[in-house]
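Two complexes, one shared chain (subunit A), two partners (subunit B, subunit C).
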Partner chain A sequence: MKMIKYGGIALKERDFKEGRVIVFRDAPKAKYLWDCGVAISRFLKGLKEGKIIGRRCFRCSRVMVPPRMFCEVCFRGTDEWVELSDTGRVNTYSICYVTWDMIRIKEPQIPAVIEIDGASRGMGILHLISGVKPEEVHIGMKVRAHWKREEERTGSIRDILYFEPI
Partner chain B sequence: MRRVAIVGAGMTKFIRRAQETGKELSFEAANMALNSCELTIKDIDCIVMGTAPDAFDGVHMKGEYLADGAGAWRKPYMRSFVGGGTGVFAVIQGWYHVASGLFDTCLVVCEEKMSSCQPHPQGAFLTIFDNIIERPLGPNLLWIFALEMNRYMSVYKIPKEEIALVAVKNKRNAKDHPCALLGEDITVEDVLKSEVLAWPVQRLDVSPISDGAAAVVLASEDRARRITDKPVWIDGVGWCLDTTYWTNRDLAYPRYVEAAAIMAYKMAGITDPRREIHIAEPYDPFDYKELHHMEGLLLCDKGEAPKLTAKGVTSRDGELPVCPSGGLLGVGNPIAAAGLMKVCEIFWQLREEAGARQVTRKVRTGVAQAWGDLMQVGTVVVLRR
Partner chain C sequence: MGIIEKINRNNDIVFWKGEIPVEFLYTAGVAGERFYRELRDSGKIVGSKCSSCRSIYLPPRIYCERCFTETDEFVETETPGEVYTYCIIKYDNEGNRMEREEIYAFVRFPGVTGGLIHRLGEISPEEVNIGMKVEPLFKENRVGHIDDIIYFKPYREK
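== the complex of A and B ==
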């Protein structure tokens, strides 16, 4: 067989420090103003009122959270709003010690998927767990939403500060 | 549909930071693939280019930006993009260009240059989370992997030690790959003692971000037989996308990978994948993902993949070699190029051209699989000698 030479020239940190590489910098300039849509606007209004709102499909009978105006399984419009409990169970969680750009954080964050009581089985939302030692968190743990004070709520997922063990 | 074969393959080294631009890397891989089957760009009817988010490069319409480097000048050209699933999906798109009868040859090129994105290419991924109800929580990409890994470990009661064996195996395999970034001998203990990023994900559970490119040449049956006496047939393709409501999914089992695998196996006439698949390159950006995907590919029962690894079944001299290349964990993870590297590896293994990486058992049928988007896409090809 012929000798194969693979492309790819590895640059090292030193090459940059010592100015051996020519580089250009830029950052994108774009800002966004998002409309929240029909389903999520209602969901956020619910959060402002201290409620978690789901949506039911009459054909498959699923109660979905986050709510949506169409059922992706049946591919038809969903049918009614359902007020859910502000409690649930931990489906899975992580104990995160780094930021997105890999900087260590002192107090770890505990992101979790929380299955909301009153929704169909397996219907979870992403949120954070707090008010508990990281080593005590477990899958299946019952948790409740810890709300912001009513006058501070803005209609945001952060109107729930975190979920805490019941 | 016409039968389609892979007749040539090439790749660049996978490196932390390449001096070459994405276009230049694409050219290197494409040129090597063409040389390997003694074709020139004049013999190529159309081009498929696989590359992941524009945000890595900060270049809008990245497919067009890369086109010249992939040999697409004044040719029918399309870009393939399903996140991490791209590397195998690009082969599927190339396959239907030729299987349909529209073209006789297709050059498939995949490239990724992640190093340009500062301070960390994870920044490019932050916008994959739901813009209204997830991003305000400040998620980072590691979260979803950590959440999925924890669910997988908990449902099937898999200890972290068993998952770490995958990182040990793949990094060791990568020592024999001339393009590898992280080929090394490590121990389970090294993995368990490595820095905890987002528990249960630790530093050595994760593949390294990289720059690199890979390419394959596809040809219709009659052309393939004239080009080489060792064509590798693409006998099955499958792909499937699950819901974007990832917090509503069963995170312990990749059902969409299973659906993609069933589609590909059916096309290839495979009824018993455990017996009929001899070698596999499932997508392994994290060590648990190799196991997750072996199960989705129906190569073992749910929750059983760690046992096969522990028994040595998946090592290069085992009954079912898995990621003999060294995988993303060992060779590197330039997203789209990493998926295509897996197809290249099965091609070389089936032709017995894998050199020091050649598996012990005789292999005739192999499967390559990639995975991505918001943990929701499975892309699968079945290859045969």
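== the complex of A and C ==
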């Protein structure tokens, strides 16, 4: 019985361009509707009104943002909506010279996790930092949300354009 | 307790609408490449033959699933093929009613394991029957795609 190991055949961009290999191209329509649930629905509506909304658990006293209806520490439902400030501190950040779809950019994007003031430690949202030189960004830096104008807000995380230093 | 909080008004439901950009290039592999090349260059439907158990696979594959041996021989399938089963299509991918019904059939060939799923042409849905003999109609300008076969049509002896 003959057994052969196939190491695979490496294909290069050139092989596709020069038509050395038969290739099928397609782009499936990957559309989706995501149900935001009770907590995130309220959160997004808050953003439309220019507010950042969290949720408190009475047992552990944590204030969570983004809000959730269930406390994973106490294993019970959370209790109360809390309106938070639109300021916070940089928990962690990154300086990106490549966009999500792999396009090289000169002016870097600075995504960061912002710990929102009024929420418990370590609770924050991922957003962009702008209005500051990349080398001046630091962990613990105080920032404030820069909102879209009220009539332009749609109930999206992008209703905050970016966070800027105070 | 929060867990009993519910959305009671339809207008309060928030959903996020998005689209994920997905693109792909698919290569058919060693045996698939051979299949499409033969289709394009010589207008043949080829299967792969196991030298150990003599099974012929269509579409071709590079190993025999019965013997675990390499199927290194490619052979042209004999026509006519035979309609093994068929389906009459009235709605397109998007769920819209099509103007013209299409018939898709699983076509098998003599002595071959497997077969091809393809359109039937030159026949009305009422006339199709399981076991009927069919032969492929090839395009003039072939590119190496299953649509190089326009459709399978009822076989007429020459």
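Here is the rule we go by: the second predicted complex is superposed on the first by the 158 of 166 C-alpha atoms of A that agree within 3 Å, B and C clash if a C-alpha of one lies under 4 Å from a C-alpha of the other, contacts with A are read in each partner's own complex, and residues count from 1 in each chain.
Here, a residue touches a chain if its C-beta (ideal position, glycine included) is under 8 Å from a C-beta of that chain, and two chains touch if they have at least 3 such contacts.
Just so you know, these numbers come straight off a predicted model, no measurement behind them.
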Which superposed partner A:T99 touches (first subunit B, second subunit C, both, neither): first
Subunit B versus subunit C as contact partner of A:V21, first or second or both or neither: both
First, second, both or neither for A:L11, with subunit B first and subunit C second: both
Subunit A: partner with more touched residues, subunit B or subunit C: B
Which of subunit B and subunit C A:I40 touches, first, second, both or neither: both
Partner chain in contact with A:F75 - subunit B first, subunit C second, else both or neither: neither
Contacts of A:G155 with subunit B and subunit C, given as first, second, both or neither: second
Which of subunit B and subunit C A:K29 touches, first, second, both or neither: second
Subunit B versus subunit C as contact partner of A:V113, first or second or both or neither: first
Which of subunit B and subunit C A:P66 touches, first, second, both or neither: first
Subunit A positions touched by subunit B in one structure and by subunit C in the second: 1, 4, 6, 9, 11, 21, 25-26, 28, 32, 34, 36, 40, 44, 101
Touching residues (chain side subunit A, partner subunit C) in the complex: 1-4, 6, 9, 11, 16, 21-36, 38, 40-41, 44-45, 55, 69-70, 76-79, 101, 155
Subunit A-facing residues of subunit C, complex: 1-7, 12-28, 30, 33, 36-37, 40, 51-52, 62, 67-70, 144-145
Residues of subunit B touching subunit A in the complex: 11-20, 24-25, 27-29, 32, 58, 118-120, 122-123, 125-126, 129-134, 136-143, 146-148, 150-151, 154, 178-179, 196-201, 211-213, 243, 245, 247-251, 353
Footprint of subunit B on subunit A - complex, ascending: 1, 4, 6-12, 21, 25-26, 28, 32, 34, 36-37, 40, 43-44, 64, 66, 68, 72, 91-102, 109, 111-113, 122-128, 139, 156-158
